[in-house]
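Here subunit A shows up in two complexes: once beside subunit B, once beside subunit C.
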Partner chain A sequence: MASYSGNLTQLSDLFGTADTISETEDAEFLSASEAVKKLEESWLNEMLAPELLSPQTELVDCLLEQTKNMEENLMAISKSDFRFALHRMEVERIRYVVTSYLRIRLEKIEKFLGYLLNNENKRQRNEPSLLTEDELKFAQELNSNTETHLKTLGLRHMPTNMREINTQKFITTPNRDSYVFVCVKDDAPSVLVSDGTSEGEIEVELLKNSQHLLPYRSISSLLQNNTVNLL
Partner chain B sequence: MNPAEVEFLAENQSIQITPNFSHDRLYLICGEVGPFRPGIPVQVPLWMAINLKQRQKCRLTAPEWMTVETLTKIKEDEGQSKTFTPMPDQHYMVTTQLILGAAPHDIPNTDEIRILVKDIWDMRIAKLRSSVDAFLKIGGSLAKVDHLTLMEINTVRPFLPHALDQLFRLRQVLMISDNQLKTIYFNSSFVL
Partner chain C sequence: MFAQKGVELVQELERARDFLPPFNEDGVRQVLEEMRALFEENQRDASSAVAGESEYITSVHIRHCALERNKRCLMAYLYNRLERIKEHRWHFGSVLPSDIKANICEPEAQFFIKYSKSLAAYMKSIGEGSYSLDLTQNLKPPKNLYIQVKCTTEFGEFETEDGDIVVLKKNSLHLLPRVQCELLIAQGILEHVS
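Let's turn to the complex of A and B:
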């Protein structure tokens, strides 16, 4: 996992408060501006991917911290100060990306609830989860609330032999074959693309900076390791 | 994705302004901007440029490509080429709208620029539509879409990907015994 050290040393010049954000695990530092760019990328990918992607918890935390600090600093200066409006606007732009990103994830969790919870139960201990702690809590609560709701509203009025409900029967699974636009960041030789038939597999080379329209399944691993971005 | 989100992304681009005020460097989360000195050009993000312009604190400088000559050349190339030509800016349409909307008096030949950009856009959208039509008729299953800008892609979304999803499902059901995917070149922008 990457961690991020903020631009806070520079902020300290301005406002006289500085501290550094989370320490390294693999010594990869990202400045706050890089963190913003990365989150914008993740935001677009999450928006355009048919399934839930791995969470960018650290990026989100880093930027929330940054915006919070900036807001605290803004309290100290007058509203009519020239800087105020500009900093304020920037904070709001970043916050917009963060909330939109989290909201898109919640929408997906609502949609693929059963599917994600099943995967979560099957998950090996060393595999990373697709859900953050809070998201998992949200998913579990949503699941039990829906069930209780169905039971109290309808099922208890049913004849006794019809009161059973099997939530496994109405699970929405993401369509990993759905078509997406991708922009290639690094050459990816020999990507297998299927057209839906058993024999119809074709090998294509994705060159850097080229753009393609193809089924998500063929590039999902490339998206995970950051070789392509969704458009 | 909706047009407002594309616009939001376009606003992150950097643009040159000439401030009419003096201020020290600003330390934004996204990086440093400034210092601002009257009459000295400085690079700022587009969203900031528009805000400053609205407060009448600067003049905007058009990006290099935003001239009648360059755009005429691009329009000619686009007309002659069967494929999509590379655009000078990934958000050429939005950027033009934003800049001309915020600062019509800072940019020379606004009307001509507006018309040229609209012409280029229309030409490309027409090309895109005929490509999509040919692509679907021929039953292709993947396409190369080089040089299409985000806003242009957005005009065929969600229709095109959804249509392809349905075709994919139909093929899965039918399991058409085509041994190989046909290699399809059409408009050579959509290359299978």
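Let's turn to the complex of A and C:
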């Protein structure tokens, strides 16, 4: 993994694509190589976390823009040129990471469908959502399609008092107690970890650049504000 | 023995883990028949229990449990088949090969079409519409730009993105860009040789 990201960032700097700037929500300017690195981190986090994380829509959008620009530039260079192959590979790699990221999210959405839709309904207006608008539409359509299918094939033909299924009983919730490896990016004092009994909790301090194996529950908030990364 | 047919349906799916067996319409109908028969018997006994004869209460209870079990088996069977059909969309693309099409029933085919449509709408919506991303491609990290492929069936002419026309005859070897080949490899027309 380390060498893979090294290749990408080196290429970006070497061939001048580091000149293109992308803007994030806080009006911070990220160079192309930083954007790619951030995408890789989000991709790894999403792959290793047991539940769905917040969507990185701006990052995905701006990287797709980038690849489009790069492809347009590629049209200008002849195919046998050495630079063509390298740029092409970089476009392919970025595209792979983006598609993999979106695919993992869709997989998790399909797996935890009931749980996520319940959360959406309970969410207050000012809280950020874990699903983008399009993901939400996809999830709702999938839910209604499954229900209609089960109704047509089975429930419709059953005796009258059994025609409903209590979908709430059958939703799978993500396992927030599973263990994950973390790499700490900034100092994180006072992280609460269960000490083995059902009630007690210990406060631990996590130092920068250390690595730990912890229950996901203890570090989920740190993951959200970027103090730790999953390995 | 109650719910025997229901358990058989579930076992059928359990034994055929790698492929989708044909839709057992007969089995489903038998399960629904059994449920209807149990329900009618229960109604008779329940009405007599209400009238005052309390000896039928346990049999009502047993039949009710059998009904619940039948319902659960049937739901599990249907839902599991749906899961496999969804997997097929990711594996085969939006057109199913004919041997799989023969194994699914009409409502399942409808579900597949609707699922494909939802997925296509989602893929179109990423990247603000100017650029639709095919999420079923790029399943492995790219190692080379071009790969060596062998054609397994007579396919005819194939045009790549760059405009080159390649004639795909049986057992012919080609060096093609990886992106173009992925879909054909998934459908089984091309085979990757190293």
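In the analysis below, the second predicted complex is superposed on the first by the 202 of 231 C-alpha atoms of A that agree within 3 Å, B and C clash if a C-alpha of one lies under 4 Å from a C-alpha of the other, contacts with A are read in each partner's own complex, and residues count from 1 in each chain.
Here, a contact is a pair of C-beta atoms (placed from the backbone, for glycine too) under 8 Å apart; a residue touches a chain by one contact, two chains touch by 3 or more.
Please read all numbers here as calculations on a predicted model, not as lab measurements.
Student: Taking the superposition on A as described, I'd like to know which of subunit B and subunit C A:Ala85 touches: first, second, both or neither.
Tutor: Both partners, subunit B and subunit C.
Student: Please indicate which partner A:Arg93 is in contact with in the superposed arrangement: first for subunit B, second for subunit C, both, or neither.
Tutor: both
Student: Is A:Thr173 contacted by the first partner subunit B, the second partner subunit C, both or neither?
Tutor: After superposition on chain A, A:Thr173 lies in contact with neither partner.
Student: Once chain A of both complexes is superposed, is A:Gln211 in touch with subunit B (first), subunit C (second), both, or neither?
Tutor: So A:Gln211 only meets subunit B here.
Student: Does subunit B (first) or subunit C (second) touch A:Ile165, or do both, or does neither?
Tutor: So A:Ile165 only meets subunit C here.
Student: Who does A:Leu102 touch here: subunit B (first), subunit C (second), both, or neither?
Tutor: In the superposition, A:Leu102 touches subunit C alone.
Student: Touch test for A:Asn145: subunit B only (first), subunit C only (second), both, or neither?
Tutor: After superposing on A, A:Asn145 lies in contact with subunit C but is clear of subunit B.
Student: State whether A:Gln224 touches subunit B only (first), subunit C only (second), both chains, or neither.
Tutor: In the superposition, A:Gln224 contacts neither subunit B nor subunit C.
Student: Mind telling me which of the two, subunit B or subunit C, contacts the most residues of subunit A?
Tutor: Partner touching more subunit A residues in the overlay: B.
Student: Could you list which residues of subunit A make contact with subunit B in one structure and with subunit C in the other?
Tutor: Shared contact residues on subunit A (touching subunit B in one complex, subunit C in the other): 85, 89, 93, 96.
Student: Would you mind writing out the residues of subunit A in touch with subunit C in their complex?
Tutor: Of all residues in subunit A, those touching subunit C are 4, 60-61, 64-65, 68, 79, 85, 88-89, 92-93, 95-96, 98-100, 102-103, 106, 110, 134-135, 137-138, 141-142, 145-146, 149-150, 152-154, 157-159, 162, 165.
Student: Subunit A touches which residues of subunit C in the complex?
Tutor: Against subunit A, subunit C makes touches at 28, 32, 35-36, 39, 67-68, 71, 74-75, 78-79, 82, 86, 105, 107-108, 110-111, 114-115, 118-119, 121-122, 125-128, 130-131, 133-135, 137-138, 141-142, 145, 162, 178-179.
Student: Spell out the residues on subunit A that touch subunit B in their complex, using ranges where they run on.
Tutor: 6-7, 10-11, 13-14, 31-33, 36, 40, 44, 47-48, 63, 66-67, 70, 82-83, 85-87, 89-91, 93-94, 96, 175, 177-181, 193-202, 204, 210-215, 231
Student: Show me the residue ranges of subunit B that touch subunit A in the complex, using the header's touch definition.
Tutor: Subunit B reaches subunit A through residues 1, 5, 8-9, 11-12, 21, 23, 26-32, 47-48, 51, 141-148, 150, 153, 157, 160-161, 164-165, 167-172, 174-181, 190, 192.
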